[in-house]
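Order of writing sets the labels: A, B, C, D and E. Residues in every chain begin at 1.
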Amino acid sequence: MNLAEHLPALQVALPLLTAPLVILLRAGFLAWFSAFLASLFSFALSVQLTIAVLQGGTLEYWIGGWEPPYGISMVVDGFSALVLLLITGASTLALAGGRLSLRRDIDNRRAPMFYGAWLIAVAGLCGIAVAGDAFNVFVFMEISSLATYILVAAGRDRRALSAVFKYIMIGTIGATFYLIGVGFIYMMTGTLNFADMAVRLEDDMDTRPIVIAAGFITIGLALKAAIFPLHIWLPRAYTYAPDAVTVFMAACSTKVALYILMRFNYEVFHGNLLGHSELFTAFVIPLALTGILVASAIAMFQGNLKKVLAFSSIAQIGYITLAAGLTSEAGLMAALLHMFNHALAKGGLFLCAMAFVFTAGSSALSQLQGIGRRMPWTMAAFVVAAMSLIGVPGTAGFISKWYLIVAVMEWNTWGPALVAAIVISSLMAVVYLGRFIELAYFGEPPAGNAGLLEVSIPLRCLIWATALLNIGFGLFPQLPLALATDGTARLLGGLY
Amino acid sequence: MTTMLIGIFLLSLLVVTAFAIVRATELFSAVMLSGIFSLLMALNFFILDAADVALTEAAVGGGVATVLLLAALKLTPPAEAPSRGLSGLSVVVVAVTTLLMIYASFGQPSLGDPDAPAHGHVASWYIEHTPELIDIPNTVTAVLGSYRAYDTLGEAFVVLTAGIGVMFLLGGGRGKPFSRLQTGTAEGLSQHLIPKVVARILIPFILLFALFIQFHGEYSPGGGFQAGALFVAAMILFTLVRGERRALAVITPRALLLMSAGGAFLYGLVGLAGIATGGQFLEYNTLASDPIAGQHLGIILIEFGVGVTVTGVLLSIFHAFIARD
Amino acid sequence: MSLVLDLLSGLLIVVGALFVLSGGIGALRMPDFYTRVHGSSLTDSLGPVLILVGLMLEAGASLVSVKLAAILLFLMITSPTASYALCHAALQSGLKPRATKLNTSSPASGEEQKLQ
Amino acid sequence: MILLVGAVAILVTMALALTRAVLGPSVYDRVLAVNMFGTKTVLLIAITAFAMDRTDFLDLALAYALINFIGVMAVLWFVHESDLRERRKRGEEPGGSQQ
Amino acid sequence: MEILGLFNYWAFAVLLMVGLYALISKQNLVKKIMGLTIFQSAVFLFFITTSKLEGGTAPILQAGKDWTIFSNPLPQVLILTAIVVGISVTALALAVVVRINEEYGTIEDDEILAKDREA
């Protein structure tokens, strides 16, 4: 028995099987601790998988020993490894950093259920990242979504409940649209396996059912990924979820939907894409651009730090779709890199936001005035992560922005105009983040709250570790680059 | 041909019911109409040769969903607020979608078309090879329990997640018991003599039938989920006529939680056992000396796991709803 | 012998179907709730009996007949109980039967009160 | 042929019951319609099982017969509980509902 | 005849539309959930339609019978899973609605929105 060859299955099974044990626990701390440990081990598994992929190329795993397409297979390439690292890393980070914050948000008696749901969410997202079967993606999408609804509903504000209801409705529409699309493809091909679909779709790519299927799948996943203008569930869900949950979600949940969207559009529909790549680009790019500009503009006028960051997330998802919509190798590289780097930056920002909220008791900007002077360490880390989000040279964000600009420039004559739009939106990011930073350093704190009040040292270390990662991956971007190159090669494998 | 016409008639009724559900302003009426909707849907499934699905739809739609909707309705206002008529944007959105789909339908294989791609390839492979590879008569169970066992694992965990969510939101589980037992209102219909007597006669039969569905699933329609739902239906009937207090004395909240978690965990363990015995995750061939025996053992175990989880979770959900005042 | 059985079974099924149909018409055409229950519950007891017995004759002595007998038994127990429960619930919630006498001045006074 | 006659009669009855469910007027009429519909479903499944030569599917009819009953009991319970809630809201003693 | 064979798809399209309409435009949250149920059921119907095979029977062998044509088991398996997913979502959504009613005192979407705006 060689455990190494079972890594893809264990990656899903470990968090999944820990969850039922966690809900049997009585005490909050124990539940948190087991969830943290499971998350940490999952992260270790992801690292192992990444190493295996970097050394040996794409891994394939046949569940139950049945050969695909008869059985369900798992496929792990560079792109999946990158997403897996994000999921497990973000979960571990959020659990480690959010212990106190979560202890305040979730009362002790309900904590085992909460952490059980957390682990199931992790397992569900990992399940999507390694899936090689279209229906299996649906099942795990629903697992992760249901668990995420629970996590969001745990927010202390009652608005968390109305936000989560909207999220459930839209999330289910998205998943069901996806299912319809898969049904159409199944009807025309008789298979559910991604690779097999791609082969069998070669012949009748342009039949009406397939075009409709592509439409349903794209819209469904766009709903899940909160691509503008289908983003309406995201700001409120991010804002009213418990702060630690936001750290986790912001770093990975929409990314996973984007991941599967790109898988579908590039691997399964590659024949279609090849014939219509201009049409596809002409459809995606304007939407993505509007999304970037509108969401950035809205972010500038929000009165709540978490909402600012949430709208910024929508804008950043716009960058990723923009890059992916170029249907070029450089574009895909940029999309994959930005997925990774944005998760780093946004995870760091929300982590700092969590610390602020923990101290100030609210995420309203008016309550956070002067917080920078009260929490200098955390604030400094926030500034670093903000620079990464804006794309200042030397940070991780710069790398992906650079790749994005290169990809856009080589696209066609409209390239410079797009570059201008990207620069403008980056300036907008400077405004909405700078606005908070200014207010945090120079604002007058609310009465009676003037003293120095930092969060605990371990949390500060964690926040700074995230900030340093932003710089580290900016200076030494080999790991994400290698994974993105591998992922891009596979995504484009059928295209050229 | 006759079946097709019957199907078309049933589908027309189905569409009428759907419109009626949307139009009904009293939520109770809407729940009743969705009961009819579910029955019609199940009949359609039956006509289309999907016996397992029809059984599931009956147990879920007619039984569990109706009861849950009623339990939720008890806690919420009874009628919809007067609406402001049709909303323009949504009418446009849905109309466009429908037209698109009807447009797409003309490129689709007609009902029952033997040349449809869906029937070849994977599906015919299942029909052909199941007798030699797994050797159980019910191909649906074979696909569900073995070829696509990983999806079914996901299904068990979806159910568990829903249970976790409801217990998290409404109470239940180790730390937070169902709240209403302290007050004196948890007696159900125990004053109504006739239903009580009839239920007392029926419940053992339903339980027996549930066990039959559970362990006969390889030979006839049925399996863990349907059996669990039937078991739950029996326990719901018991709760309704005898009161929550007695019902929770029969299966304690702690046992419910153990069942919810234990069934799903058992399923996962079977998967890991595949790895431990030298196969892949969820591979049953290696569970016993003979691959076929291994397949049988694996399928029985995972079906049992699903049944236990479904029973535990759905009952927990039910109790969580009705315990809320 | 088999012909007699077939004929008998066919007759039972057709008559049962007629009863079922009349129950449906009754449920639609009767004037108020309680009379509708009356119409549908009576035929719901007799119609299924005839149809299921007809099917049993067709199946002969086998496991199928046993299953049909079980269905029949359950329907015989549950159907009247359901009608009882339903009427009880209706009465409890205040739905009054329309029991108008000939000399009552306003015949529609008891019509379909909904207190729910 | 005979089975077809039976099936058609049941289908028509279903349509009638559905009409009653849609028309109402009281909620109990709708419950009645659901109950009728359930019985007809049992019968239709039994008949089509014979027509399709799949008499092993009579299990389904059995399941429907059982489930249908639980639905009606749930309605009775719902009315009973709502009644109790009403009474408690109005400050009366609970449990006085039995005649 | 050929056209009648497409009736299932049309019923699917209409049901999907009705469910989606209720889901988008109804204000009452319970009605929204019911719309969601219809919406999902439509998809189940679609999948099962693809599984039917003319002259076939349910894919469950029986001793003593020698059927040769069977309907497709795979969509049935998928829909079994999807039905379970559907009821799970419904249960969770209902629990959220119950909590919303406790916190806001209403289950009408517009009133909830108004109360959110106040805060």
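The working rule: a residue touches a chain if its C-beta (ideal position, glycine included) is under 8 Å from a C-beta of that chain, and two chains touch if they have at least 3 such contacts.
These numbers were taken from a predicted model, which means no experiment stands behind them.
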Smallest count of steps, each to a touching chain, taking subunit A to subunit E: 1
Joint neighbours of subunit C and subunit B, given as chain labels: D
Most distant chain from subunit C, judged by the mean position of its C-alpha atoms: A
D-E or B-E, whichever has more C-beta pairs in contact: B-E
Centre-to-centre distance between subunit D and subunit A (centres being mean Cα positions), rounded to whole Å: 47
Centre-of-Cα separation between subunit E and subunit C, whole angstrom: 31
Centroid distance [mean C-alpha coordinates] between subunit C and subunit A, Å: 58
Contacts with 2+ other chains: residues of subunit A: 135, 139, 142, 146, 149-150, 153, 186-187, 192
Sites on subunit D at which at least two other chains make contact: 14-15, 17, 27, 31, 33, 52, 54, 56-57, 59, 62, 66, 68-69, 73, 75-76, 80, 82, 97
Subunit E: positions in contact with at least two other chains: 16, 20, 50, 57-58, 60, 62, 74-75, 78, 81, 85, 88-89, 92, 96-97, 99
Chains grouped in pairs wherever the two touch, ordered by label: A-B, A-E, B-C, B-D, B-E, C-D, D-E
For the subunit B and subunit E complex, residues of the former touching the latter: 4, 7-8, 11-12, 14-15, 18-19, 21-22, 27, 30-31, 34, 37-38, 41, 44-45, 48-53, 56-57, 60, 64-65, 68-69, 72-73, 75-77, 80-81, 83, 86-87, 90-91, 93-95, 97-98, 101-102, 104-106, 108-114, 116, 118-119, 122-123, 126-127, 131, 137-140, 142-144, 148, 151-152, 154-155, 158-159, 161-162, 165-166, 169-170, 219-221, 225, 317, 320-321, 324
Touch list for subunit C against partner subunit D, complex: 9-10, 13-14, 16-18, 20-21, 23-25, 27-28, 33, 36-37, 40, 44, 47-48, 51-52, 55, 58-59, 64, 67-68, 70-71, 74-75, 78-79, 81-83, 85-86, 88-90, 92-93, 95, 112, 114, 116
Subunit E-touching residues of subunit D, taken from the complex the two chains share: 52-54, 56-57
Of subunit D, residues touching subunit B in the complex: 4, 7, 11, 14-15, 17-18, 21-22, 24, 27, 30-31, 33-34, 37-38, 41, 44-45, 48, 51-52, 54, 56-57, 59-60, 62-64, 66-71, 73-78, 80-82, 84-85, 88, 94-95, 97-98
Subunit B - residues contacting subunit D, complex: 2-3, 6, 9-10, 13, 16-17, 20, 26, 28-29, 32-33, 35-36, 39, 42-43, 46-47, 51, 54-55, 58-59, 62-63, 66-67, 70, 73-74, 184-185, 188-189, 191-192, 195, 199, 202, 205-206, 209, 212-213, 220-222, 226, 230, 233, 236-237, 240-241, 322, 325
